[in-house]
Structure formats: structure tokens, C-alpha cells
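Take a look at the structures listed below.
Next come two complexes, and both contain subunit A; in the first it sits with subunit B, in the second with subunit C.
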Partner chain A sequence: MTPRSTYQRMLGWGGRCVVSLILAFLLLPAIVVTIAAFNDKAILSFPPQAWSWRWFARALDYPDFREGFHNGLIVTAWASTIALMVGAMFAFVIDRYSFPLKRAIEGVLVSPLVIPHFTVGLGFLILAAQIGWSRGFAVVIACHVILVLPFVLRSVYVSLRNLDQSFEQAAASLGATPLRVLLTVTLPLLLPGLVSGWLFAAILSFNEFTASLFVTSQRTQTLPVAMYNYVREFADPSMAALSVMYIVATAALIAFANAFLGLGKVLNIEQSE
Partner chain B sequence: MNQRPFLRSFTAPAALCALGFVAAMAAVLQYSLRAYVPGSLDPGGFTLANFADLLKPLYARVFLDTVGICALTAIATLLVGYPLAYALVRIAHPLLKSALLVVVVTPLFLGEVVRTYAWIIVLGNNGFINSLLRGLGLIDQPIQLMFTTFGVVVALVHVTLPVLVIMLAAALSHIDRDYQRAAESLGAGPIRVFLTVTLPLSMPGVIAGVTTAFAWTFSAFATPQLIGGGRVNMISNLVYQLGFASFNFPFAAALCVAGLALTITVLAILRQAAKPFENIGAH
Partner chain C sequence: MPGQSEAAVRFDAVTKRFGDVVALDDVSLDIGRGEFMTLLGPSGCGKTTLLRLAAGFLGPDAGSIAIDGKCVNQLPTYKREIGMMFQNYALFPHMSVADNIAYGLKTRHVPRQECRKRVGDVLALVKLAGMEDRRPRQLSGGQQQRVALARALVINPTVLLLDEPFSALDKNLRAAMQVELREIQRTLGLTTIFVTHDQSEALSLSDRMAVMSEGKIRQLGTPLEVYRTPRDRFVASFVGDTNRLRGRLVSVDATGAVIALGAARMKVPAEPFSGRGASSAVDLFVRPEQLRLVNSAEPCAMTGRIAAQVYQGGHVDLQIDCSGHDRLLLRSAGDQALMRWPLGTEVGIAIDAEGCTAFPAE
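Up next is the complex of A and B:
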């Protein structure tokens, strides 16, 4: 390496400043919402005159939030698990075989990435009405499965690409049946990809809002829908307190995923040399 | 022995999901071609009237505004996201890199409502920015940030930034460093290396990121609804109003179809723009 000139060093510091400013922009809402959540008064003011935890207690007590949380868990558990199974199986056949309609099915299943969520929501709302489904959990879950499937597909597909098939060939040559190879070799090797796919699907489903607004009813409304209704009606910091809990839980899950699964690898952004 | 074990049983569930989704989209298309019967949830006979109504100035205006907001957001996201993606790929320190990654990725999973609410607190008349500026004595009257296109775009950039950064970082991380080293050894300065080597090589990632940012902004609902407050309207807000305030589902469906056609056109144009860059840097 040649010694760095003053000019290059200045460029480096300039770059650091720009990146710090951008990070501040990314973090600003989280910081501000945290300050607002601990404000004792019901009306927004900066800086707060007195501090309190009472909005956290109110957020945890508010019936619509509790019910939304409960409904959200039901929808998320079903949707992410179904999406994981459907997505993992299909990623497997995409990776291994070519067959008619492969590209067509894959294209349809990844298309929700670019189709607006309000269109997906309206579609499932109309479809449910047409086939006579009541607006229960089934239609919400079906809608969420479709919305999170592209992420599961990608996550499992990337792991399958990185999988060394010689382990499977070794097992097969020793006489293991295809099912046994799948269950005892492929599945364990795929576990990190499956876990990260399921985790992403669960987080996305739990936070999904626009399509949920269309397909949920008063009885099945998920937490984001309950929060949206709250923001429209009330201005007190309960919502800020709930947001803080949300942000902390999500950041913890992401940090966990990063520590145990290597987010850089899942997102395919490791520097290649 | 079966040469392709599990093919049928593994494809069937995915095919079923695909079929269900196609049916839902077909339902939207079908409704868009039906007449609206006021006071009834069931649509009337087949008609093209909904699409003719789209040309009314009121709706045409919302379409133009939506495209404008999407374009503005996508460009702003790119300008803010590029340095961040570059830093994410180049930082060598593992802990710093992990921290940066968590900060960048977390907003992606927060959901629109929490993020939008946070921005309301930042941008409001009694919000953080106005309180700060008043506290510093820089202003007497609050600056109007809520209910403006500027406020909506700022909040939307926050939404689209993570996904653009991830896509761009993926593209940047796969650029062969030898190209940059070669340019350096031939005497090019860092800015010249960036402009003539790194930037062109990252163009596929730039276009993929901008495309996704555009599509996601198009999909945004809570942000224009709550921060725009009725004064900044996007197609999503109109679809919801038509559906749940006036129960005019046929026209809401027509708006969805037109919106989708618009998205597909823009995506096709951007993909065409990506063509010249596809083979750069291929080995």
C-alpha cells in the first residue's frame, strides 16, 4: 500500500461524517419515540418536564392492544409455519429439478414482492366474499402466507445453493433411501436457513399492516391494525410506549438472528475477495 | 427407482398457494370490470365505466402525485443509501459491521405503523424538530412538516432505505476488488476509481434497489394516510376510502388494476435501463 495522502484521509473522514449523519437519520425516530414514551404528560412536549412509566402500564392494559397481540400471535404462528413448509419444499424442487410450470409457479409466488399490499388485501377480501368465507382467521392467514412466502423461498434457496451435495450422495451410496437422506442429511444441514426463513416470515407477518387492514375484521384485528386505529383516535404516549417495546423486541430478534445465523450470509452481502 | 423423489408432493402445496393468489388477483380484475351498485355490496353487470372514470382530473391527479412521490422517494433513498451500503461492505471491524447491520435492518421489520407514528412525533408542530428549533431560538412559529409532501417523503425514505441498502450492499460485495486495485495502480484517485469502476459495476444493484424502493413506496398506506393527513393522497389511500367509506369495490379494484399496470410499466422501463450494465465485470 502506498502511504495515504492528506487528501485521501480527508475523503475518509468526510465519508465517515456522511455515514454517521445517515445513521442518525435512521435512529432518530426510535430515539425520539423513546423520549416521548417516558413523558409523564398526556400531551406531546419536548423536552418532557416529568418522567414516568405509566404509559407502558397503560399500553399493556389497553384491551385492543392485548387482543391485537393475541390475534397477531395466532396469525403469525400459522402463517409463518405454513409458509416455511410450503416454501422450503418448493425451494428444494426449484434447486434440484427442472419441470414444466416451474418458472410460472415461482414467478407467481415471488410476485407479492412488487404487488402493492393494498391490492393483495383487496384481492383476498373479494375472493373470500366470493367463495363465501366469513372474515375469520383463515383469510388473514392465507393472505399472510402469500405475503411472506417470497422471503422464505429466498432464504431456504440460498442455503440450498450453499449446501454440499456430496454428503447426500455419500448417504445415498451407502444405501439410505431418499426419504432417509432428506431427513437425516439435508434437513439438518438446512436448519440455519430454515430457522432464519421462519424468523423473517414471523417478524414480517406480525408487523404486516396494509393488507391486514383490508382482510381483518373487528374480531380478528392484529396488533398493527389496533395501533393504527389507536393513532387515529388518541394522541397520548401509550402508542409511544408500545412502539418502544416493539422496537426493542425487533432489534433483539435481529441481533439474535445475526449472532446465531450470520445475517450477512443470509442477506448475501459478505465481501468476496 | 424414482429419479426425482418428492417432486410431486413438494410442488403441490406451492402450486396450490400460487393458484389461490392468482384467484385473488383474478377477483380484483373481475371486480374492476363490474358496475357499482350504490348501497349494495354486490357488483352489477360488466362495464368499462370504472376505467373511463380513472381519467377524471381528480383521480388522474392522485395518479400523478403517486408517481411523483414514488420517484422522489426512490431517488432520495438511492442518494442516502449508497454511502451506507458502501460503508456496510467496506467496514472490516466485525463488531462495528454487525452493529451497523442491525441498525440498518431493524427498521425493515418494524412495520409501517410504528415507523409512521415515530415520524409523526418527530415532524409534528409540537414534535421533536420544531421543539428543538424553538428551543434554540431559531424559529417563533412551528414549521409545517406534517401534512406536506416533504414530510411524507422523509418518512417513506426511512421505510425504503433498508431494502435498498441490502440490495446495493449485495451488489457491491460481489464486485471483484481487483478491478479497483488495477485502477488505483494505474494512478486513478479514489473519486475517479469510484466514478469509473465501482459505480458502473454496481449499477445492477442500483437499479434493483431503486426498482424495489419505487414498488414499496407505491404500496405504502399508513405513511401517506397519517402524515399526509388527507392533504397528500396516494392511490393506496384512495383505494381504502373507496372500499371502506363508500363501499365502491369495483372502482377500488379498477384503481388497483391501473396501479399495477403502472408499476409493471415502470419496472419494465427500469429493467430495460439495466440492460447495458448486465455484462460489465463478467468474467
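Up next is the complex of A and C:
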């Protein structure tokens, strides 16, 4: 071990403390909610006096939550899949071709990052009312596609950028038609980017609240909206229980993706080989 | 078509621009059947562009490219029957070695049985038998290169295109792979275009080489021709080590020009000097092995002082400071020079009377 001065050692300890505090701060809400979820009393108090699982049972039984979960899955599956296809197509075109207004199109595609979610939701609400579009799943899905598109686009675009063109050229030199190159080389090599894009879109869409509040109806309300409606009437820990399940499910999904593809690749912070 | 059919690949007055930059300027080049042709030049000289035109990754702005006598200007890469090896090998990371090699056979709908046999055969050829199920990332750099070569060879291409394939290998492995590649190429009689910026690689591998700079072919010839009789100052200084000395033109006639430097007289090719008057200044290009050391008292081309000795095993490189010139490089076979000419010795420098080249001074 290299010799270190007292000053360096203090700096090291200080650094560790600061990092621990930041991590604790990041996890604080999740920890508080988790503890609250096991409260036996029907109030959201902290810390709990007695412990129980009953709010988990209540959350799983409550019809609005069940339906919201089901609706959320439908919306998420459609929205992230459509966004993936649209986003991948645009990412491909933007990466491979140059054409007039390319910058402008890029700007439009990432504009939902700048435009607030409630604006998008309100816009869809007005539009749906204007053209007499019933407030079914189509509106919710269309709205979500727009909201998650920038993330999918980014994810696929970064993977495309990192993809060395010589792979595709090698395939072409071996006699593969452009379609064959796409199916056997480009898409398999882009898979981590596509999966991560889809995953991000799915998590964002499933958690999306602000815009969903405008465009969902009683019949199509997603889980976050159902939770909001619930919390306006009741203030018991079943909300907290639901949150804990949310966190566990999302963590499991990411852990699964990590085992399957490697987290670095899924988050696109690591170049694919 | 006699004459026509000689060239396996023919570039005819090919021009390629990237925006305002002219990457290739009216380049014509014929590559014979079974020939190992090297495109040599510094980066940006157009050598890679020429290779990419042959591969069909780019199209020419003017001129035509023919493979096997057929114009391929409009033919996409996948119909060209080429084998290509990339600088980074471009092995498909999501496929096994066998699937990588079989890729070109599958696109040609070769039956499964024959496919397996040909993959086995070509793996044996590149000395990787038994590696079928490995993934590219499990292989060493040299092994990856062999797989890349096998993948390009297995389809029996009309032309093999090599884009700086050795640049990622360490020196010893590189030399071994070069010999091996050349043997395989010779055995199969495969027309090959090889791109490199490494002049020693070009000299040791090529049947013929094209030295390129600024989008033009400066000289086309066998390695021996290019090394011995460079056609211009760029080729003279780019290919092989060389010393540039300032001399004086003595006479020009049909058999050659005579250059004087000190007491030395050198006979050089006359072409660059047609119409030049005697005693005009010339740049004399002398290879390190064409210089000899003599006692400084003897009549010689110039005198200097030994500034450095670089022992290379089989030979010694001596660096000599001479007033009025850049530091000279002199190559002496064996190791006697180490003892005979210690550092700081005042020496006389003699130049071989034949075999140098010279161009009018700029």
C-alpha cells in the first residue's frame, strides 16, 4: 500500500462520508415508504407502532388498482412497442442518411423532453374532444408514444452510432443483400439498444401520471391515476404497499435485463463490443 | 477478348471526390490475375478509397471499375464476389467462428453438408481446426485475423481485398502472419489488393506496388523497381530509409547523369535532368546501405562525426553529423562498425558510384 499523509486519509474518510450521505438521501423516500407500508394502523404515520402485511392484501384486492394495473400493462405494452418501432426507424434514418431539415426533425422528435407532460395530456384531451375521439385506450397509447419516443430514439441512436459500419460492410462483401444484412447483422447487434430503449419506455409509460390524468377515463385509468384517485379519498398505507411492490417489480425487471444483457449495455453507458 | 481478360481488376480513369476534396484523381490501374498488388501511401492518399471502390462501398464520380472484365460501377457489393478483410476484422460478435465463416456460404445457399466441410477445410488451411464453436472474443488477435481470412477465403472470391489487416498485431505475430497470408495467397492463386501505409510491409509482400499520394499513383512497379529507381522525390523518401544530399550536376547524356558531391561522382538515371544545364544543384537520394565510411583524410563525398550507434543485431545503424546537411543514416552489415568507428570519430563518407537517384533541387 502506498503511504498516505494524514491529510489524504482525512480526505478519504470525508469523501466516503459524503458519498454515503448522498446515497442515503437518494434512497430515503423508498425507505420511508417501505417502512410505512408495514404499518398496522390505517394512517400514513411514521414510524409505525405495530406491523402488518394487511395493506399489501388490500392493495392487491382493491378493484381500481387491479384494473389500473391491467390497463397500465395494455398501455405500456402498446406504447413502448410502437415507440420502439417508430423511434428505431427515425434513429436509423437520422444516423444513415443526410437530408434537408434533418436537424429540425431531430428537434421535433426530442421536443417532448422540453414540453411539459401536462401540456401533451391537455393537448390530447382537447384534440380528442374536438374530433370526437372517444376516450379509449387509443388516446392514452398515442399520448404515451409521444412521451416516451425521445428516450427510445436516443437509446437506439446511440447504439447505431456505436455500431461499427464494417460489420455491415463485411456482411455485404460476403454476399448478403441489404435486407439480410439488416436481419442477421444489424438488428442482432442493436438488440441491447433496442431492449434498453423498450425497457426505458415501458418503465416511463407505466409510471406516467401527469399526462395520463388528462387522457384517461374511469375505464382506461392507469395505475398511477388510480393511486391518485385513491389517495384523494383514503390515506391508509395500502398506497405505500403498492409503492413497495412497484419498486420491487421494477428492480426485478432491471435485474433480469442485467442478467440477460449486462446493465452497462442496457443503460447504454457502455459501448457494445 | 485477349488483352482485356488479363486484368482481374481494372480501374479506368477513376475519380472520386468527397465534397471539395479530391480523394482520387483520374487513377488507372490494372491488377493481373493472381497478382498481389499493394496500394501504399500516407493516410489521406486515396488508397483506402480505391479499395472501397473495388468493394462497392463507394461509387466513382468518373471512370469505371471492372472485375473479371465486367464493369461493376452499378453492381452492389453483395453481387461482386469479393472477399474482404478489415482492419478490425469485423468478425460478427454474436456468431461462433463456424457461423462467421459459413455466413458467405449461407448467402449463396450452399447445402448444409458441403457448408460444414468447407468451413472445416478452410479452418485447417488457416490452422484453426477445432475452433468452430468459439466466439470471436474468446480468440487472440492473431486467431481473429485467421478467422477473418478464412471467412473471406471460403467463398472463393474473385478478388481478395485487404484493408491494413496487420496493423493491430504486434511485430512478431505480424511478420509470421504476413508470410502465412502470402503463402496461402500464392497457393490459391488469388488476386489480392492490399492497402497499407507501412512501406516495409509493401516491399516484403507485393508482386507489384502502387505508391500513392494526394489521390494519384506516383509510381507503379515491383518492390525492387520502386526501391531501386524511385520515380520522384516523394517515392524516394516515402519508400525505404533514405538520405537526401545536395550535389551538383556534372553532365547528362543518354546513358545517365553524373552528379558530383565532394570528390565523389555518382551515376544516376538521366530522365529528371533532360534540358538541365551542368553544375545546377541537385538533390541526391542515397540509401543508408549505399554509404561507406573511409578515413577522413581520404578523398570522399563529405566528412562528418559519428553521433550515434544503433546496434540492430544483424547490422549497425550509424548516425553521422555533417556540416551543412541533415544527420546522415548509414547502415553497416555485421557489427564491426561498432568497434571500428566509435562515437565522436571524424570520418569520411563515400557513396556507391551506381544505384542512387537524384532530382533537380527544389
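Throughout what follows, the second predicted complex is superposed on the first by the 247 of 273 C-alpha atoms of A that agree within 3 Å, B and C clash if a C-alpha of one lies under 4 Å from a C-alpha of the other, contacts with A are read in each partner's own complex, and residues count from 1 in each chain.
Rule of thumb we're sticking to: a residue touches a chain if its C-beta (ideal position, glycine included) is under 8 Å from a C-beta of that chain, and two chains touch if they have at least 3 such contacts.
As the structure is a computational prediction, the values presented were derived from the model and not from experiment.
When the two structures are aligned on the shared chain, A:Val152 is found in touch with neither subunit B nor subunit C.
Looking at the shared chain after the overlay, A:Ile141 reaches neither subunit B nor subunit C. Looking at the shared chain after the overlay, A:Leu84 reaches neither subunit B nor subunit C. Using the contact criterion defined above for the overlaid structures, shared-chain residue A:Ala201 touches neither subunit B nor subunit C, since it reaches no partner.
Comparing subunit B with subunit C, more residues of subunit A are touched by B.
When the two structures are aligned on the shared chain, A:Thr210 is found in touch with subunit B, with no touch to subunit C.
When the shared chain is aligned, subunit C comes close enough to touch A:Asp164, but subunit B does not.
Across the two superposed structures, the residue set of subunit A contacted by subunit B and also by subunit C is 178, 273. Residue ranges on subunit C touching subunit A, taken from their complex, read 55-57, 76-84, 86-88, 90, 92-94, 103-104, 107-108, 137, 151-152, 155, 161.
On the side of subunit A, the complex with subunit B involves touching residues 7-8, 11, 15, 18-19, 22-23, 25-30, 32-33, 35-36, 43-47, 85-87, 89-90, 92-93, 96-97, 99, 101, 104-105, 108-109, 111-120, 122-127, 129-130, 142, 145-146, 149, 178-179, 182, 200, 203-204, 206-210, 213-214, 224, 227-228, 231-232, 239-240, 243, 246-247, 250-251, 253-255, 258-259, 263-264, 267-273.
Residues of subunit B that touch subunit A in their complex: 2, 4-7, 9-11, 13-15, 17-18, 20-25, 27-28, 31, 41, 80, 83-84, 86-90, 97-98, 100-107, 109-122, 124, 126-128, 131-132, 135, 158, 161, 166, 169-170, 172-174, 176-177, 189-191, 211-212, 215, 218-222, 226, 235-236, 239-240, 243, 249, 252-253, 256, 259-260, 263, 267. Subunit A makes touch with subunit C in their complex at residues 164, 166-167, 169-178, 180, 184-185, 188-189, 273.
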